[in-house]
Amino acid sequence: MVKNSLIFIVLIGFAVLLADLFVGFNGNTDLNTLANHYAVSGPEEVGSANLVTAVVVTYRGLDTLGEVTILFLAAAIVSFLLKVEAGASLNRKLRSTSEILDTASRILVPVIFLFGIYVFINGHLSPGGGFQGGAIIASGLVLMLLAQPAKEVGHKLITLVESISGISFVLIGVAGVLFAAGFLDNKLLSLGKFGTIFSAGVIPIIYIFVGLKVGAELSGIITNLHENQNEA
Amino acid sequence: MGNILEIIGAVLVLLGSVFLFLGALGLVRMPDLYNRIQAGTKASTLGTFLTLFGLLLIIPEWWGKLVLLMTFILITNPVSSHVLARAAHYIKIPLTDKTVADLLNKEETTYKVNEEIKNE
Amino acid sequence: MENLNLEIITLITGVILVLIGIWGLLTQKNLIKIVIGFTLFDTGIHIIMVSIGYVKNRTAPIIDQSVNINDVGNSVVDPVPQALVLTAIVIGLGVTALMLTYVLKMYQKRKSLEINNYNDLKW
Amino acid sequence: MINLIIAIVIGVLILIMAIIAVHHKNIVVGIIAAGVVSLFASILYLLLAAPDVAMTEAAIGSGLSTIIFFYVLNKIKRQNG
């Protein structure tokens, strides 16, 4: 009884805290100063048509580096806890997959990978970017592992892609300190013509590395969970 | 000319939505899981196709994306329902009483017989 | 009915979703149910943040044919909350996977998913 | 006006699904309902003019997150018996 009333009090407290948000709130009619600066001078300063990309990669680039690091830590701890010994692979009985599923997955998986790559290459022009592209690549890997459960994904490849793209991300940032205005500054390359694929300076290159890194990390989590199923 | 195409496209979109509604009705009204999967997949695939084709007639500039979408739906929709029905059969979800033949059981036995004949 | 805006509706939805998530976190005894409550809490916070950044009758912050390049400040919504939520969703997936791995390890140790059986640190 | 009606319907559906996700006795139903909450939330993001966030939520919240839950649940059931 005491416990239930305590939970009730906590819920009421949170409701009062959050009620402050919407009691006087009547919708925005204008941007605040910071957002107005990003929206007005963003296209000239950064050259990216997608303003969310401009904020994620250039204006708040250091935060993105920190967030990718948090994701890396989570994936590393998951793979540390779910470690499978080398000899203990695949001692469960697998039911043979049907031929229809096998053929369809062989056609679909490369197309899904290609779509993920398209999404993170075009991150500065259309909706999308490194995080979405990485998630789509990991979804394609899930389809592949569910359709062909006996298939083994190389851990070496995932680790290699992950570390190379992480190092390149930091090196591009340091090159921005040396040759341009500051850390992760995108004027390292010329801004190009607004709205074409070779524009926005170094943003597409950074987003390709972010996409590869996020895709490799999520694929690592999925692969570890999948291989852990095989153990008794 | 463009006007006629637009009207035909609108009629196709309406027809497609009718098929989608029938698919949803089948999900509620059919007696067991296998019939529900069949009703949902067949009707919704045709409904989506008709809707996208009508859209192709109304706005011809989008043909690339629309053809891509149609191909994707043509590959994924039947395969996913096939996998669902197969998994449901393997964990022995019961059929309805009116079922006449269970061909998946029979098919496995005939396969075995054929292989034995081949081996001899 | 007069001042019923899109952002008000989504804001209230997000707030109630946060409250449902906290209620699930506090009342459920099953460890997996607790993780589900946490993901609902996450989604609610994201909806609140995006709806605070919305501005009435404006389009997405992507400059294409529908946006006048000389008048961007008066035609797009706030891009900053969207950028924050974008990364927060990905981090949320990593944290969820971490929590579920801990649940798996706890189950392997004690063979139970009940939170009441884990009273080592109770005082 | 039509946007408002869609938002109200989807908001009510989200809340019903969230209560099912927390309170249903069967864990599998709970996990599926949590995935449906994410899918409807991605439609809300699209109405709020945030296509980037909608893409991320649709791919991660309702795809990968549900799959990870089911991997862990399957492993626990397998060890049980």
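In this document, chain identifiers A, B, C and D correspond to the written order of the chains, with residue numbering beginning at 1 in each.
Basically, contacts are C-beta pairs under 8 Å (C-beta built on N, C-alpha and C of every residue); 3 or more make two chains touch, one makes a residue touch a chain.
Just so we're clear, the structure is a prediction, and the values are computed from it rather than from any experiment.
*Asks:* Measuring centre to centre, with centres taken as mean CA positions, what chain is farthest from chain D?
*Replies:* The most distant chain relative to chain D turns out to be B.
*Asks:* Report which interface contains more C-beta contacts, comparing A-D against A-C.
*Replies:* A-C
*Asks:* Between chain A and chain D, what is the separation of their C-alpha centroids in Å?
*Replies:* 19
*Asks:* Where the centres are mean C-alpha positions, what is the separation of chain A from chain C, in Å?
*Replies:* 16
*Asks:* How far is the middle of chain B from the middle of chain C, if each middle is the mean of its Cα atoms, in Å?
*Replies:* 34
*Asks:* Indicate the whole-number Å distance between the mean C-alpha point of chain C and the mean C-alpha point of chain D.
*Replies:* 11
*Asks:* If I count partner chains per residue in chain D, which residues reach a count of at least 2?
*Replies:* Residues 51-52, 56, 60, 64, 68, 72, 75.
*Asks:* Where in chain C do residues touch at least two different other chains?
*Replies:* 7, 12, 23, 53-54, 60-62, 82, 86, 89-90, 93, 97, 101, 104, in rising order.
*Asks:* So which chains actually touch one another? I want all the pairs, not just one.
*Replies:* A-B, A-C, A-D, C-D
*Asks:* Show which residues of chain C lie in contact with chain D when the two form their complex.
*Replies:* The contact residues of chain C facing chain D are 4, 6-7, 9-10, 12-13, 16-17, 20-21, 23-24, 28, 30, 32-33, 35-37, 39-40, 43, 46-47, 50-51, 53-54, 58-62, 77, 82, 85-86, 89-90, 92-93, 96-97, 100-101, 103-104, 107-108, 113.
*Asks:* Mind pulling up the chain A residues that touch chain B in the complex?
*Replies:* Residue positions touching the partner: 95, 98, 100-101, 104, 107-108, 111.
*Asks:* Give every residue of chain A touching chain D within the complex, in rising order.
*Replies:* Interface residues on the chain A side: 50, 52, 119, 127-129, 131-132, 135-136, 138-139, 142, 218, 221-222, 225-226, 228-229.
*Asks:* Could you list, by residue number, the parts of chain A that touch chain C in their complex?
*Replies:* My answer: residues 7, 10-11, 14-15, 18-19, 21-22, 25-32, 34-36, 38-40, 42-43, 49-52, 54-56, 60, 63-64, 67, 70-71, 74-75, 77-78, 81-82, 126-127, 129, 131, 134-135, 195, 214, 217-218, 221, 225.
*Asks:* Applying the document's contact rule, which stretches of chain C touch chain A when the two form their complex?
*Replies:* Chain C reaches chain A through residues 3, 5, 7-8, 11-12, 15, 18-19, 22-23, 26-27, 48, 52-56, 60-64, 69, 72-73, 76, 78-80, 82-83, 86-87, 89-91, 93-95, 97-98, 101-102, 104-105.
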